[in-house]
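Heads up, the next two complexes both have chain A, just with different partners, chain B and then chain C.
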Partner chain A sequence: MMSDQAIHKIPIDKRDPKKIFAVVAIIFAMLIFAVIYLKISFIEMFMGLPSFVLFFFEKFFPPSTANLKQYIPEVINTLGYAVISTYISTIIAFIFGILISKNTNKFITLRVITRGFVNVLRNIPFIIWGALLVYIFGVGGIVGILALILVTIGFLSKSYAEAIDEISEESLEALRANGASYLQILFHGIIPQFVPAWIHWTLFAFEINVRSSVVLGLVGAGGIGVLIDTNINLFKYGEAITIVAVVVAIVLLTELITNLIRKRFVN
Partner chain B sequence: MNPLLSIKNLVKVYGKKTRALNSISIDFYPGEFIVVIGPSGAGKSTFIRCINRLVNPSEGEIIFDQNHIEKLSGRKLRKECSKIGMIFQHYNLIGRTNVIKNVLHGQLSNTPLFKSLFGLYRHEDKQEAVELLKKVGLQDEIYKRADELSGGQMQRVGICRALLQRPKLLLADEPIASLDPLSATIVMQQLHTISQEKNLTCVVNLHQVDYAKKYATRVVGIKKGSVVFDGPPSQLTDAIIRDIYEGKESQMELKNTNGMQSEIEGECSIQWAGGSNDE
Partner chain C sequence: MEHIRVTSKGSISKAIFLILILAAIFIAAVKLIDLDISKFFERLKNVSEVLKRMMAVDFSVVPDTLLNIVTSLALALLALGVAIILALILSFLIASNITPNRSLAIFIKGFFAIIRSVPSLVWGLMVIASLGFGNVSGFVTILIFAVSYLVKTFTGSIEETGGDVIEAMRSTGASWAKIVYHGLLPLCITAFVSWITICFESNVAESIGLGIIGVGGIGLLLTQAISSYDYAQTTTIVIMICLLMIVLELVMTRIKNRIKFGKQ
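Right after this comes the complex of A and B.
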């Protein structure tokens, strides 16, 4: 009996169970509130499912492959946007990355300003950049490229800066000790050690940009997305589904290739 | 003889209160092989790093080769630093760069940026780099990436890099503290031999008192930021060593402290010294 009691007096968790319960309850309450506020009916959603599936198979199938050849230029356009925007962003983002990392920029003010600017770029979704830029430049490829560049700079600058931060101060110390200049430390000390992260993040940005440049077409900023939009508006569902399939193929192929490059170069 | 390096009232304060160096004054003469000993936290590392301004001293003077190092900045400081070679505990090589390029980094300060970018180092620099690598037995690793080498090999590359600066003074901050006993012996031996050959002045921080006694022409003991011993190794008695390491006896790295020292030589002591120092 004594030992039984002693065992019960050893708690294995010191946290207050009421606190955990409260947190879980709050999260659940948020869901309930959202559902009630938006008057979302799960029953309706569920009941609508059969007609959705029916519509899908009736209208979208069979896919029409008649105009497959006509998509090729748009596919190349889309990939072209991704290539150009990734290319330009990586150069600008590298400069920003250097300005943001405390390893390469000792001036706090400049660091904070650059980081703030980059955060603005990153936190505005590219679709909004696209919609804004369409008003300025009108419908066309340049809008898509610009929107992608702006967001990619935001994304890459931060990733690059973090990678540069991770380069150990120690290895750079040696170069500083033997009298190398700032630029020499940058080119001989930082860049060689930054290369794996640079390849990794740039390929990642390219993947995102391929996917994004598809969506950009939907706001009239060029690329294959335009075709999806036009065909659905013209009730040519068969063709639309083919284009969607082409898009999926492009994205998968891009990921396959970038993964191969990564395996080959990053280690 | 004029001192090569003259340090006067050197003080380093970290933050507001931590006095790492407490008014150190000392002169180093050409050709000396100085070993600085002391427990960790005594200020050895801060002391050696103040000499080439990796750490900026708070007060005092550092006169190297008739130049006030503490007053220099920018290009002038870099020029003086290039005359001081340095070897680090963690080697501090650029891991993804190959061995010979790492060694040639020793000549960066004398090479314009665009030339160094395209690898256009002077022929005699490249030749000397290869010769140095041969001398330390790394002739087969010249084009290997530095991160493919073992610790001992990396440190030997570090030595070559420092020597390619053709320095007047060589600093070494715990050069063998991260090495296994055998590599430690090799590295220390090579460092000693080469600096004797080139008649280089060396300042070496060491944990290992036995190495200090073996190689030094002069031993400096630092304790709580002050010099408590300065003299030839023959004058370094066990009592003095015990005083330097007072309160931190576990770091003494002595073979043993009860008079049996001379009986156990070589491997055994080295293993003890190195083994307990794997940080």
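Right after this comes the complex of A and C.
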């Protein structure tokens, strides 16, 4: 009879409720530990964002547009740093990308060494590079560009290498079977298929560089960040917010331009 | 022997034209900004001296560094936790395929685009100016960064993959909440976890970078070492930051793979 048999429930999903509970509990414990370790009270934490927003609208408005024209040289500097560093990084990162990808570099040791080097460049946060280079080389625009270049090489090399890895083995093998030399395979096989990814990542790196070069000023390497910092330290909040608005305009404009370029060339 | 044309006609001239334009932009950039190239080459002479002095390692600073690493990690984690909650709520409200209110969604999306255009160090400056130095400022700054990142990526995932599920559930008359909880959440959870791990790594990088403007943690320790010209300490801290980021990347990749492919 049906009532004598235990009714088997077919589990709908494989999720083990006990394991999920354990994981959630651990995460919760870590969060509470973090709050205690940082010596923040819960109230401070929850009121943090709202109080900031209140202060923000109270102190930073109304924006003062008095010195708008004086910011233009710094804007050009900022964009210039981004352009120069992106250009130089692209070329070097392309070489590293070729060295890291399995498709183009058959020597494992060389691949591993390059990848390790590039990882060091990537893992150190950009501002720390900036501070270090200013420490070694002193203040100045070139130092800032150097920092941008190092970080961008780290980022782009990996992205380029992944894109090169995705190029189909078959077309390269076909070229090889026809007797193409390494350089011929590179120029006629890899580069044409690589160009869309190259454009995508390079434009992305340019956007990131524009935002990074804004804050370069904070470690002494020039750019519009210096103006923001100075104005805040002088309590001229209205000016500061105007400069921030200029930064927002630059960044949004850069995004717009890069999207246009992408639509035109990647399709 | 006949020469077989390998590339399409006129492509070489097009390529040369493109290269000329790109070169022109580059030269314009170099001319327009003020680079002190001569000063830079002057200072190059000092570089070997500085690098020699940096070859020392100072182990006495390691315990302090470890404590500060915990601070940076704690800030990153806390901001991540709160950001996840906020981003989950927001992204399901503004994703174009299930938003209850179109114009509000567009407004909020634009709002976050503006927030993202401000570099987080600039946010840090403004937060510190409003709330003072201290861990709360660091928390709020990283929170702003994390929420805007997660909202963008979550919304992207929902809009990309949610279409069919939403249509199917809508045709059975499911409410917004049911579609979100039973349809979209299980669908997008693996993508969300990827974004969350990337966000945590970025949060740690941010919290280190914020040390430059005075937010506590290992970045601040490094800035102090640099200002006091303590070469050995600087090198040690930099090495530890490197190690931290590598370990972090390994751990995050393992967690990601565990969740994606199940315990193996």
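Throughout what follows, the second predicted complex is superposed on the first by the 242 of 267 C-alpha atoms of A that agree within 3 Å, B and C clash if a C-alpha of one lies under 4 Å from a C-alpha of the other, contacts with A are read in each partner's own complex, and residues count from 1 in each chain.
The working rule: contacts are C-beta pairs under 8 Å (C-beta built on N, C-alpha and C of every residue); 3 or more make two chains touch, one makes a residue touch a chain.
None of these values were measured; they are calculated from a predicted model.
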Mind working out whether A:35 is in touch with chain B, chain C, both or neither, as first, second, both or neither?
second
Determine, for the superposed model, which of the two partners chain B and chain C contacts more residues of chain A.
C
Which partner chains sit in contact with A:181 here, chain B, chain C, both or neither? Use first/second/both/neither.
first
Quick check for you: in the superposed arrangement, does A:173 touch first (chain B), second (chain C), both or neither?
first
Check the residue A:189 against both partner chains and state whether it touches chain B (first), chain C (second), both, or neither.
first
In the overlay, answer first, second, both or neither for which of chain B and chain C A:228 touches.
second
Touching partner for A:142 - first (chain B), second (chain C), both, neither
second
Where does A:252 make contact in the superposed view: on chain B (first), on chain C (second), on both, or on neither?
second
Which chain A residues contact chain B in one complex and chain C in the other?
188
In the complex formed with chain C, which residues of chain A make contact?
14, 27, 30-31, 33-35, 37-40, 44-45, 48-49, 51-52, 55-56, 59-60, 76-77, 79-81, 83-84, 87, 119-120, 123-128, 131-132, 135-138, 140-143, 145, 188, 211-212, 214-215, 218-219, 225, 228-229, 232, 237, 240, 244, 247-248, 251-252, 255
Residues on chain C engaged by chain A in the complex (per definition of touch)
6-7, 22, 25-26, 29-30, 32-37, 39-40, 43-44, 46-47, 50-51, 54, 70-71, 73-75, 77-78, 81-82, 113-114, 117-119, 121-122, 125-127, 129-131, 135-137, 139-140, 143-144, 205-206, 208-209, 212-213, 219, 222-223, 226, 234, 238, 241-242, 245-246, 249, 262
Which stretch or stretches of chain B touch chain A in the complex?
52, 54, 78-82, 84-86, 88, 90, 92-97, 101, 105-106, 108-109, 113, 116-117, 158, 161-162, 165
List of chain A residues in touch with chain B within their complex
170-171, 173-181, 183-184, 187-189, 192-193, 195-196
